[in-house]
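Here the chain labels run A, B, C and D in written order, and each chain numbers its own residues starting at 1.
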Amino acid sequence: MANPVTGHVVAELVFFASIREALDCDRLTLDIKDGTPLSELIDVLAVEKGENWREALTAENVRVAVNQELVKGNPRVNPGDEIAFFPPVTGG
Amino acid sequence: MANPVTGHVVAELVFFASIREALDCDRLTLDIKDGTPLSELIDVLAVEKGENWREALTAENVRVAVNQELVKGNPRVNPGDEIAFFPPVTGG
Amino acid sequence: MVEVNYRVVVQEPAFSQQDEYERLRTSALNVGAVVTFAGTVRDINDDDTVTALRLEHYPGMTEKEIQKIIAEAAERWVVIDATVIHRVGDLHPGDEIVFAGVASEHRGDAFEACAFIMDYLKTRATFWKKESTTQGDRWLTTRQSDVDAAEAWREPSLKE
Amino acid sequence: MVEVNYRVVVQEPAFSQQDEYERLRTSALNVGAVVTFAGTVRDINDDDTVTALRLEHYPGMTEKEIQKIIAEAAERWVVIDATVIHRVGDLHPGDEIVFAGVASEHRGDAFEACAFIMDYLKTRATFWKKESTTQGDRWLTTRQSDVDAAEAWREPSLKE
(Lines give C-alpha, C1' and ligand atoms only; values in the text may rest on other atoms or scores of the structure.)
Protein backbone atom coordinates (compact mmCIF):
# COMPACT_ATOMS: atom_id res chain seq x y z
CA MET A 1 0.00 0.00 0.00
CA ALA A 2 1.38 3.42 -0.95
CA ASN A 3 0.93 6.64 1.01
CA PRO A 4 -1.14 8.83 -1.34
CA VAL A 5 0.90 11.93 -0.44
CA THR A 6 4.49 10.67 -0.31
CA GLY A 7 4.15 7.74 -2.68
CA HIS A 8 6.02 5.61 -0.10
CA VAL A 9 4.92 2.09 0.54
CA VAL A 10 3.35 2.17 4.00
CA ALA A 11 1.97 -0.24 6.57
CA GLU A 12 -1.76 -0.39 7.01
CA LEU A 13 -3.10 -0.72 10.55
CA VAL A 14 -6.63 -1.94 11.22
CA PHE A 15 -8.54 -2.02 14.52
CA PHE A 16 -11.63 -3.99 15.44
CA ALA A 17 -14.41 -4.12 18.01
CA SER A 18 -13.65 -2.69 21.47
CA ILE A 19 -10.16 -1.58 20.36
CA ARG A 20 -11.59 0.31 17.39
CA GLU A 21 -14.06 1.99 19.72
CA ALA A 22 -11.45 2.83 22.37
CA LEU A 23 -9.19 4.46 19.74
CA ASP A 24 -12.08 5.88 17.71
CA CYS A 25 -10.16 4.69 14.65
CA ASP A 26 -10.73 1.75 12.34
CA ARG A 27 -7.80 2.17 9.96
CA LEU A 28 -4.66 4.25 9.44
CA THR A 29 -1.46 4.05 7.44
CA LEU A 30 2.03 4.46 8.86
CA ASP A 31 5.43 5.01 7.26
CA ILE A 32 7.73 2.36 8.70
CA LYS A 33 11.14 0.96 7.82
CA ASP A 34 11.76 -2.63 6.75
CA GLY A 35 11.89 -4.96 9.75
CA THR A 36 10.44 -2.58 12.30
CA PRO A 37 9.71 -4.44 15.55
CA LEU A 38 6.03 -4.26 16.46
CA SER A 39 6.94 -2.64 19.81
CA GLU A 40 8.64 0.22 17.95
CA LEU A 41 5.59 0.73 15.76
CA ILE A 42 3.54 1.06 18.94
CA ASP A 43 6.10 3.56 20.33
CA VAL A 44 5.57 5.69 17.23
CA LEU A 45 1.80 5.55 17.65
CA ALA A 46 2.06 6.48 21.33
CA VAL A 47 4.03 9.59 20.38
CA GLU A 48 1.87 10.56 17.44
CA LYS A 49 -1.54 9.66 18.87
CA GLY A 50 -1.16 9.56 22.63
CA GLU A 51 -0.24 7.14 25.42
CA ASN A 52 -3.77 5.79 25.47
CA TRP A 53 -2.92 4.07 22.17
CA ARG A 54 -0.07 2.18 23.81
CA GLU A 55 -2.38 1.11 26.60
CA ALA A 56 -5.07 -0.07 24.22
CA LEU A 57 -2.69 -1.95 21.91
CA THR A 58 -0.60 -3.63 24.61
CA ALA A 59 -3.43 -4.56 26.98
CA GLU A 60 -3.74 -8.16 28.03
CA ASN A 61 -5.63 -10.27 25.52
CA VAL A 62 -5.02 -8.02 22.51
CA ARG A 63 -4.55 -10.18 19.41
CA VAL A 64 -2.29 -9.07 16.58
CA ALA A 65 -2.45 -10.36 13.01
CA VAL A 66 0.05 -9.52 10.28
CA ASN A 67 -1.30 -10.01 6.78
CA GLN A 68 -4.26 -11.82 8.29
CA GLU A 69 -2.18 -14.38 10.17
CA LEU A 70 -2.09 -14.30 13.97
CA VAL A 71 1.33 -13.45 15.40
CA LYS A 72 2.78 -13.64 18.90
CA GLY A 73 5.48 -11.72 20.75
CA ASN A 74 7.25 -8.88 19.00
CA PRO A 75 7.50 -9.74 15.28
CA ARG A 76 9.15 -7.43 12.75
CA VAL A 77 6.80 -5.77 10.31
CA ASN A 78 7.39 -4.20 6.94
CA PRO A 79 5.99 -1.56 4.62
CA GLY A 80 3.08 -3.11 2.74
CA ASP A 81 2.00 -5.23 5.72
CA GLU A 82 -1.55 -5.18 7.02
CA ILE A 83 -1.35 -5.16 10.82
CA ALA A 84 -4.55 -5.84 12.74
CA PHE A 85 -5.31 -5.37 16.45
CA PHE A 86 -8.38 -6.94 17.98
CA PRO A 87 -9.80 -8.47 21.18
CA PRO A 88 -10.52 -12.20 21.59
CA VAL A 89 -13.14 -13.32 19.08
CA THR A 90 -16.76 -13.90 20.08
CA GLY A 91 -18.53 -15.17 16.97
CA GLY A 92 -20.63 -18.25 16.39
CA MET B 1 -57.51 -60.36 21.71
CA ALA B 2 -60.23 -62.98 21.28
CA ASN B 3 -60.19 -65.98 18.99
CA PRO B 4 -62.98 -65.30 16.49
CA VAL B 5 -64.04 -68.97 16.51
CA THR B 6 -63.78 -69.96 20.18
CA GLY B 7 -64.25 -66.56 21.76
CA HIS B 8 -61.25 -67.30 23.99
CA VAL B 9 -58.76 -64.60 24.75
CA VAL B 10 -55.64 -65.60 22.81
CA ALA B 11 -52.04 -64.51 22.44
CA GLU B 12 -51.08 -62.71 19.29
CA LEU B 13 -47.73 -63.59 17.73
CA VAL B 14 -46.03 -61.27 15.25
CA PHE B 15 -42.93 -61.89 13.14
CA PHE B 16 -40.70 -59.39 11.37
CA ALA B 17 -38.08 -59.16 8.65
CA SER B 18 -35.98 -62.29 8.00
CA ILE B 19 -37.97 -64.29 10.56
CA ARG B 20 -41.25 -63.36 8.90
CA GLU B 21 -39.80 -64.44 5.56
CA ALA B 22 -38.36 -67.70 6.91
CA LEU B 23 -41.74 -68.66 8.42
CA ASP B 24 -43.77 -67.14 5.60
CA CYS B 25 -46.01 -65.75 8.33
CA ASP B 26 -46.40 -62.25 9.73
CA ARG B 27 -49.03 -62.86 12.38
CA LEU B 28 -51.00 -65.65 14.07
CA THR B 29 -53.03 -66.16 17.21
CA LEU B 30 -52.54 -68.96 19.71
CA ASP B 31 -54.65 -70.29 22.56
CA ILE B 32 -52.39 -70.40 25.62
CA LYS B 33 -52.88 -70.72 29.35
CA ASP B 34 -52.05 -68.02 31.87
CA GLY B 35 -48.34 -67.98 32.68
CA THR B 36 -47.18 -70.18 29.81
CA PRO B 37 -43.37 -70.16 29.59
CA LEU B 38 -42.19 -68.83 26.24
CA SER B 39 -40.30 -72.09 25.63
CA GLU B 40 -43.58 -74.03 25.93
CA LEU B 41 -45.27 -71.71 23.45
CA ILE B 42 -42.44 -72.47 21.02
CA ASP B 43 -42.90 -76.23 21.68
CA VAL B 44 -46.56 -75.88 20.67
CA LEU B 45 -45.60 -74.03 17.47
CA ALA B 46 -42.98 -76.67 16.61
CA VAL B 47 -45.64 -79.37 16.87
CA GLU B 48 -48.36 -77.44 15.04
CA LYS B 49 -46.18 -75.78 12.36
CA GLY B 50 -43.00 -77.82 12.12
CA GLU B 51 -39.55 -78.04 13.66
CA ASN B 52 -38.32 -75.26 11.34
CA TRP B 53 -40.35 -72.87 13.50
CA ARG B 54 -38.40 -73.87 16.59
CA GLU B 55 -35.15 -73.34 14.71
CA ALA B 56 -36.19 -69.91 13.43
CA LEU B 57 -37.51 -68.69 16.80
CA THR B 58 -34.66 -69.97 18.96
CA ALA B 59 -31.77 -69.07 16.65
CA GLU B 60 -28.98 -66.94 18.04
CA ASN B 61 -29.78 -63.23 17.94
CA VAL B 62 -33.57 -63.59 17.81
CA ARG B 63 -35.14 -60.78 19.82
CA VAL B 64 -38.44 -61.26 21.65
CA ALA B 65 -40.78 -58.49 22.77
CA VAL B 66 -43.87 -58.98 24.91
CA ASN B 67 -46.39 -56.17 24.61
CA GLN B 68 -43.76 -54.16 22.77
CA GLU B 69 -41.15 -54.41 25.51
CA LEU B 70 -37.98 -56.43 24.92
CA VAL B 71 -37.70 -59.50 27.14
CA LYS B 72 -34.84 -61.89 27.88
CA GLY B 73 -34.66 -65.53 28.89
CA ASN B 74 -37.86 -67.54 29.23
CA PRO B 75 -40.59 -65.22 30.51
CA ARG B 76 -44.13 -66.39 31.13
CA VAL B 77 -46.72 -65.09 28.70
CA ASN B 78 -50.46 -64.75 28.96
CA PRO B 79 -53.59 -64.69 26.85
CA GLY B 80 -53.96 -61.15 25.48
CA ASP B 81 -50.20 -60.64 25.16
CA GLU B 82 -48.64 -59.51 21.91
CA ILE B 83 -45.46 -61.54 21.43
CA ALA B 84 -43.03 -60.40 18.73
CA PHE B 85 -40.03 -62.22 17.24
CA PHE B 86 -37.49 -60.30 15.19
CA PRO B 87 -33.81 -60.12 14.23
CA PRO B 88 -31.44 -57.37 15.44
CA VAL B 89 -32.61 -53.99 14.23
CA THR B 90 -30.97 -52.22 11.29
CA GLY B 91 -32.70 -48.85 10.93
CA GLY B 92 -31.30 -45.36 10.83
CA MET C 1 -38.69 -37.69 34.21
CA VAL C 2 -37.64 -34.47 32.51
CA GLU C 3 -40.36 -32.81 30.45
CA VAL C 4 -39.44 -32.57 26.81
CA ASN C 5 -41.32 -31.67 23.67
CA TYR C 6 -40.89 -34.12 20.85
CA ARG C 7 -42.21 -35.19 17.49
CA VAL C 8 -41.79 -38.82 16.41
CA VAL C 9 -43.12 -39.98 13.06
CA VAL C 10 -42.73 -43.14 10.97
CA GLN C 11 -43.93 -42.51 7.44
CA GLU C 12 -43.44 -43.43 3.79
CA PRO C 13 -43.18 -39.91 2.30
CA ALA C 14 -40.06 -37.77 2.33
CA PHE C 15 -39.71 -35.15 5.06
CA SER C 16 -39.10 -31.44 4.69
CA GLN C 17 -35.79 -30.39 6.24
CA GLN C 18 -36.97 -26.78 6.27
CA ASP C 19 -40.25 -27.49 8.06
CA GLU C 20 -38.62 -29.71 10.66
CA TYR C 21 -35.82 -27.23 11.25
CA GLU C 22 -38.27 -24.32 11.61
CA ARG C 23 -40.38 -26.22 14.10
CA LEU C 24 -37.32 -26.87 16.27
CA ARG C 25 -35.89 -23.35 15.91
CA THR C 26 -39.15 -21.66 16.90
CA SER C 27 -40.04 -24.17 19.59
CA ALA C 28 -39.17 -21.74 22.42
CA LEU C 29 -37.54 -18.34 22.88
CA ASN C 30 -34.58 -19.83 24.70
CA VAL C 31 -33.53 -22.02 21.75
CA GLY C 32 -29.96 -21.03 20.87
CA ALA C 33 -28.85 -24.09 18.90
CA VAL C 34 -30.48 -26.52 16.49
CA VAL C 35 -28.59 -29.60 15.30
CA THR C 36 -30.08 -31.80 12.61
CA PHE C 37 -29.02 -35.12 11.16
CA ALA C 38 -30.26 -36.57 7.89
CA GLY C 39 -29.31 -40.02 6.68
CA THR C 40 -29.56 -40.98 3.03
CA VAL C 41 -29.41 -44.24 1.10
CA ARG C 42 -25.88 -44.72 -0.20
CA ASP C 43 -25.28 -46.23 -3.62
CA ILE C 44 -22.58 -48.58 -2.33
CA ASN C 45 -22.69 -50.86 0.71
CA ASP C 46 -20.04 -53.45 1.55
CA ASP C 47 -18.64 -52.88 -1.95
CA ASP C 48 -21.86 -53.84 -3.73
CA THR C 49 -23.97 -51.47 -5.78
CA VAL C 50 -27.27 -50.84 -4.04
CA THR C 51 -30.27 -50.43 -6.36
CA ALA C 52 -33.07 -50.25 -3.78
CA LEU C 53 -33.83 -50.58 -0.08
CA ARG C 54 -37.01 -51.79 1.60
CA LEU C 55 -37.60 -50.71 5.17
CA GLU C 56 -40.08 -52.34 7.51
CA HIS C 57 -40.80 -51.65 11.17
CA TYR C 58 -42.88 -52.75 14.15
CA PRO C 59 -45.70 -50.18 14.29
CA GLY C 60 -46.33 -49.03 17.83
CA MET C 61 -43.15 -50.42 19.36
CA THR C 62 -40.96 -48.32 17.08
CA GLU C 63 -42.53 -45.05 18.16
CA LYS C 64 -42.37 -46.06 21.84
CA GLU C 65 -38.69 -46.96 21.59
CA ILE C 66 -37.85 -43.65 19.93
CA GLN C 67 -39.79 -41.73 22.57
CA LYS C 68 -37.80 -43.58 25.25
CA ILE C 69 -34.53 -42.64 23.51
CA ILE C 70 -35.53 -38.98 23.40
CA ALA C 71 -36.54 -39.09 27.08
CA GLU C 72 -33.15 -40.59 27.94
CA ALA C 73 -31.38 -37.85 25.95
CA ALA C 74 -33.39 -35.23 27.85
CA GLU C 75 -32.21 -36.74 31.14
CA ARG C 76 -28.58 -36.33 30.09
CA TRP C 77 -28.60 -33.01 28.22
CA VAL C 78 -30.70 -29.85 27.97
CA VAL C 79 -33.20 -30.77 25.25
CA ILE C 80 -35.89 -28.20 24.56
CA ASP C 81 -37.41 -30.11 21.67
CA ALA C 82 -36.50 -33.13 19.55
CA THR C 83 -37.75 -34.65 16.33
CA VAL C 84 -37.24 -38.05 14.76
CA ILE C 85 -38.79 -38.92 11.40
CA HIS C 86 -38.03 -42.32 9.93
CA ARG C 87 -39.18 -43.42 6.52
CA VAL C 88 -40.36 -46.94 5.69
CA GLY C 89 -41.24 -48.67 2.41
CA ASP C 90 -39.23 -48.63 -0.80
CA LEU C 91 -36.28 -46.26 -1.03
CA HIS C 92 -33.51 -45.72 -3.55
CA PRO C 93 -29.93 -44.39 -3.50
CA GLY C 94 -29.93 -40.68 -2.70
CA ASP C 95 -33.28 -40.86 -0.87
CA GLU C 96 -33.47 -39.57 2.67
CA ILE C 97 -34.17 -42.30 5.26
CA VAL C 98 -34.11 -40.59 8.60
CA PHE C 99 -34.19 -37.12 10.15
CA ALA C 100 -33.19 -36.37 13.74
CA GLY C 101 -33.09 -32.89 15.20
CA VAL C 102 -32.54 -31.35 18.61
CA ALA C 103 -33.18 -27.80 19.80
CA SER C 104 -31.27 -26.73 22.88
CA GLU C 105 -29.97 -23.62 24.59
CA HIS C 106 -26.35 -24.34 23.68
CA ARG C 107 -24.58 -26.18 20.92
CA GLY C 108 -22.83 -28.79 23.06
CA ASP C 109 -26.11 -30.24 24.31
CA ALA C 110 -27.69 -30.12 20.85
CA PHE C 111 -24.76 -31.95 19.20
CA GLU C 112 -24.43 -34.62 21.86
CA ALA C 113 -28.16 -35.26 22.26
CA CYS C 114 -28.65 -35.56 18.50
CA ALA C 115 -25.69 -37.93 18.07
CA PHE C 116 -26.91 -39.98 21.05
CA ILE C 117 -30.43 -40.24 19.61
CA MET C 118 -29.06 -41.51 16.29
CA ASP C 119 -26.69 -44.01 17.92
CA TYR C 120 -29.46 -45.42 20.09
CA LEU C 121 -32.00 -45.38 17.26
CA LYS C 122 -29.61 -47.52 15.19
CA THR C 123 -29.42 -50.23 17.84
CA ARG C 124 -32.83 -50.01 19.55
CA ALA C 125 -35.58 -48.81 17.22
CA THR C 126 -37.43 -51.67 15.52
CA PHE C 127 -36.59 -51.10 11.87
CA TRP C 128 -35.19 -53.61 9.40
CA LYS C 129 -33.61 -52.98 6.03
CA LYS C 130 -33.60 -55.29 3.04
CA GLU C 131 -31.20 -54.22 0.35
CA SER C 132 -31.41 -54.99 -3.36
CA THR C 133 -27.94 -55.04 -4.87
CA THR C 134 -26.50 -56.13 -8.17
CA GLN C 135 -25.45 -59.27 -6.21
CA GLY C 136 -29.04 -60.02 -5.12
CA ASP C 137 -31.29 -59.16 -2.19
CA ARG C 138 -30.19 -59.38 1.44
CA TRP C 139 -31.36 -58.43 4.91
CA LEU C 140 -28.83 -56.15 6.51
CA THR C 141 -27.17 -57.28 9.69
CA THR C 142 -26.10 -55.16 12.64
CA ARG C 143 -22.80 -53.36 12.19
CA GLN C 144 -20.35 -53.75 15.04
CA SER C 145 -19.49 -50.05 14.64
CA ASP C 146 -23.12 -49.16 15.44
CA VAL C 147 -23.12 -51.39 18.52
CA ASP C 148 -19.84 -49.80 19.63
CA ALA C 149 -21.17 -46.26 19.05
CA ALA C 150 -24.21 -46.90 21.25
CA GLU C 151 -22.07 -48.65 23.85
CA ALA C 152 -19.69 -45.67 24.02
CA TRP C 153 -22.44 -43.47 25.52
CA ARG C 154 -22.37 -45.65 28.64
CA GLU C 155 -18.83 -44.53 29.35
CA PRO C 156 -18.23 -41.17 30.97
CA SER C 157 -17.50 -38.93 28.00
CA LEU C 158 -14.50 -36.62 27.93
CA LYS C 159 -16.87 -33.86 26.90
CA GLU C 160 -19.19 -34.09 29.87
CA MET D 1 -3.76 -31.56 2.33
CA VAL D 2 -6.98 -33.50 1.90
CA GLU D 3 -9.19 -32.22 -0.91
CA VAL D 4 -12.54 -31.01 0.37
CA ASN D 5 -15.39 -29.07 -1.16
CA TYR D 6 -16.57 -26.18 0.92
CA ARG D 7 -18.68 -23.05 0.91
CA VAL D 8 -17.79 -20.21 3.28
CA VAL D 9 -19.83 -17.03 3.31
CA VAL D 10 -20.04 -13.99 5.59
CA GLN D 11 -23.17 -12.02 4.84
CA GLU D 12 -25.86 -9.78 6.33
CA PRO D 13 -28.96 -11.60 5.03
CA ALA D 14 -30.49 -14.71 6.59
CA PHE D 15 -29.55 -18.07 5.09
CA SER D 16 -31.85 -20.80 3.80
CA GLN D 17 -31.55 -23.99 5.81
CA GLN D 18 -33.21 -25.91 2.99
CA ASP D 19 -30.86 -24.63 0.26
CA GLU D 20 -27.76 -25.25 2.33
CA TYR D 21 -28.94 -28.71 3.34
CA GLU D 22 -29.79 -29.64 -0.25
CA ARG D 23 -26.40 -28.50 -1.50
CA LEU D 24 -24.67 -30.72 1.06
CA ARG D 25 -26.96 -33.71 0.55
CA THR D 26 -26.55 -33.71 -3.23
CA SER D 27 -22.85 -32.88 -3.17
CA ALA D 28 -21.83 -36.43 -4.12
CA LEU D 29 -23.39 -39.86 -4.55
CA ASN D 30 -21.51 -41.27 -1.57
CA VAL D 31 -23.04 -38.82 0.90
CA GLY D 32 -24.78 -40.88 3.56
CA ALA D 33 -25.04 -38.34 6.38
CA VAL D 34 -25.61 -34.60 6.64
CA VAL D 35 -25.30 -32.84 10.00
CA THR D 36 -26.24 -29.19 10.30
CA PHE D 37 -25.91 -26.71 13.11
CA ALA D 38 -27.76 -23.40 13.34
CA GLY D 39 -27.14 -20.87 16.07
CA THR D 40 -29.70 -18.23 16.98
CA VAL D 41 -29.69 -15.07 19.07
CA ARG D 42 -31.04 -15.89 22.52
CA ASP D 43 -33.24 -13.42 24.36
CA ILE D 44 -31.32 -13.82 27.62
CA ASN D 45 -27.55 -13.73 28.17
CA ASP D 46 -25.87 -13.75 31.57
CA ASP D 47 -29.34 -13.08 33.07
CA ASP D 48 -29.89 -9.84 31.13
CA THR D 49 -32.56 -9.35 28.48
CA VAL D 50 -30.96 -8.98 25.07
CA THR D 51 -32.69 -6.56 22.72
CA ALA D 52 -30.21 -6.55 19.83
CA LEU D 53 -26.81 -7.80 18.73
CA ARG D 54 -24.32 -6.18 16.35
CA LEU D 55 -21.77 -8.44 14.72
CA GLU D 56 -18.61 -7.21 13.06
CA HIS D 57 -15.77 -9.18 11.49
CA TYR D 58 -12.39 -8.87 9.77
CA PRO D 59 -13.19 -9.24 6.07
CA GLY D 60 -10.70 -11.52 4.36
CA MET D 61 -9.13 -12.96 7.50
CA THR D 62 -12.46 -14.40 8.67
CA GLU D 63 -13.01 -16.40 5.50
CA LYS D 64 -9.41 -17.65 5.52
CA GLU D 65 -9.66 -18.79 9.15
CA ILE D 66 -12.88 -20.68 8.47
CA GLN D 67 -11.36 -22.35 5.42
CA LYS D 68 -8.43 -23.45 7.59
CA ILE D 69 -10.82 -24.88 10.17
CA ILE D 70 -12.66 -26.86 7.50
CA ALA D 71 -9.35 -28.13 6.09
CA GLU D 72 -8.31 -29.26 9.57
CA ALA D 73 -11.65 -31.05 10.02
CA ALA D 74 -11.10 -32.79 6.68
CA GLU D 75 -7.71 -34.03 7.88
CA ARG D 76 -9.32 -35.63 10.92
CA TRP D 77 -12.60 -36.98 9.55
CA VAL D 78 -14.13 -37.96 6.22
CA VAL D 79 -15.61 -34.68 5.02
CA ILE D 80 -17.16 -34.72 1.56
CA ASP D 81 -18.41 -31.16 1.72
CA ALA D 82 -18.79 -28.46 4.37
CA THR D 83 -20.56 -25.14 4.60
CA VAL D 84 -20.21 -22.24 7.01
CA ILE D 85 -22.38 -19.15 6.72
CA HIS D 86 -22.00 -16.44 9.32
CA ARG D 87 -24.14 -13.36 9.48
CA VAL D 88 -22.89 -9.89 10.39
CA GLY D 89 -24.64 -6.59 11.07
CA ASP D 90 -27.66 -6.02 13.29
CA LEU D 91 -29.49 -9.05 14.63
CA HIS D 92 -32.29 -9.59 17.12
CA PRO D 93 -33.43 -12.37 19.47
CA GLY D 94 -34.65 -15.33 17.45
CA ASP D 95 -32.54 -14.42 14.41
CA GLU D 96 -30.20 -17.01 13.00
CA ILE D 97 -26.52 -16.07 13.35
CA VAL D 98 -24.57 -19.00 11.99
CA PHE D 99 -25.00 -22.14 9.90
CA ALA D 100 -22.50 -24.98 9.78
CA GLY D 101 -23.08 -28.18 7.85
CA VAL D 102 -21.05 -31.26 6.98
CA ALA D 103 -21.77 -33.99 4.44
CA SER D 104 -19.97 -37.28 5.01
CA GLU D 105 -20.30 -40.96 4.25
CA HIS D 106 -21.19 -41.86 7.83
CA ARG D 107 -22.84 -40.10 10.73
CA GLY D 108 -19.93 -40.27 13.16
CA ASP D 109 -17.68 -38.21 10.91
CA ALA D 110 -20.45 -35.73 10.09
CA PHE D 111 -21.32 -35.15 13.76
CA GLU D 112 -17.73 -34.80 14.95
CA ALA D 113 -16.55 -32.63 12.05
CA CYS D 114 -19.53 -30.27 12.41
CA ALA D 115 -19.07 -29.93 16.19
CA PHE D 116 -15.33 -29.39 15.70
CA ILE D 117 -15.92 -26.68 13.08
CA MET D 118 -18.28 -24.82 15.43
CA ASP D 119 -15.95 -25.12 18.43
CA TYR D 120 -12.99 -23.82 16.43
CA LEU D 121 -15.05 -21.11 14.75
CA LYS D 122 -16.02 -19.82 18.18
CA THR D 123 -12.42 -19.37 19.27
CA ARG D 124 -10.62 -18.64 15.99
CA ALA D 125 -12.83 -16.89 13.45
CA THR D 126 -12.55 -13.10 13.62
CA PHE D 127 -16.05 -12.08 14.64
CA TRP D 128 -17.04 -9.81 17.51
CA LYS D 129 -20.43 -9.35 19.11
CA LYS D 130 -21.77 -6.25 20.80
CA GLU D 131 -24.94 -6.84 22.71
CA SER D 132 -27.66 -4.34 23.55
CA THR D 133 -29.40 -5.32 26.76
CA THR D 134 -31.83 -3.64 29.09
CA GLN D 135 -28.70 -2.99 31.22
CA GLY D 136 -26.90 -1.16 28.38
CA ASP D 137 -24.52 -2.08 25.55
CA ARG D 138 -21.50 -4.35 26.00
CA TRP D 139 -18.90 -6.18 23.95
CA LEU D 140 -19.09 -9.86 24.66
CA THR D 141 -16.03 -11.54 26.12
CA THR D 142 -14.78 -15.04 25.46
CA ARG D 143 -16.55 -17.76 27.40
CA GLN D 144 -14.27 -20.18 29.20
CA SER D 145 -16.62 -22.99 28.12
CA ASP D 146 -15.89 -22.14 24.47
CA VAL D 147 -12.14 -22.15 25.09
CA ASP D 148 -12.47 -25.49 26.86
CA ALA D 149 -14.59 -26.96 24.06
CA ALA D 150 -11.98 -26.06 21.43
CA GLU D 151 -9.18 -27.27 23.69
CA ALA D 152 -10.88 -30.64 24.15
CA TRP D 153 -10.36 -31.51 20.48
CA ARG D 154 -6.61 -31.59 21.09
CA GLU D 155 -7.04 -34.55 23.43
CA PRO D 156 -7.47 -38.01 21.98
CA SER D 157 -11.24 -38.43 21.99
CA LEU D 158 -12.88 -41.50 23.49
CA LYS D 159 -14.80 -41.81 20.24
CA GLU D 160 -11.83 -41.96 17.91
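By our rule, a contact is a pair of C-beta atoms (placed from the backbone, for glycine too) under 8 Å apart; a residue touches a chain by one contact, two chains touch by 3 or more.
Since the structure is predicted, the reported quantities are computational estimates derived from the model, not experimental observations.
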### Task
Could you tell me which chains are in contact with chain B and with chain C alike?
none
### Summary
When centres are defined as mean Cα positions, the distance from chain B to chain D in whole Å is 50
#### Entry: Centre-of-Cα separation between chain B and chain A, whole angstrom
77
## Note on the structure
Taking each chain's centre as the mean of its CA atoms, chain A sits from chain D at a distance in Å of 28
### Summary
Check: chain C positions touching at least 2 other chains come out as 39, 107, 118
### Task
For chain B, write out the residues touching at least two other chains, lowest number first.
92
### Query
Between which chains is there touch?
A-D, B-C, C-D
### Query
Can you list the chain C residues touching chain D in their complex?
16-18, 21-22, 25-26, 29-44, 93-94, 96, 105, 107-108, 110-111, 114-115, 118, 145, 149, 152, 155, 157-159
### Task
Name, in rising order, each residue of chain D that touches chain A in their complex.
39, 55-58, 60-61, 64, 86, 97-98, 118, 121-130, 139-142, 146
### Task
In the complex, go through chain A and note every residue touching chain D.
14, 16-18, 21, 65, 68, 84, 86-92
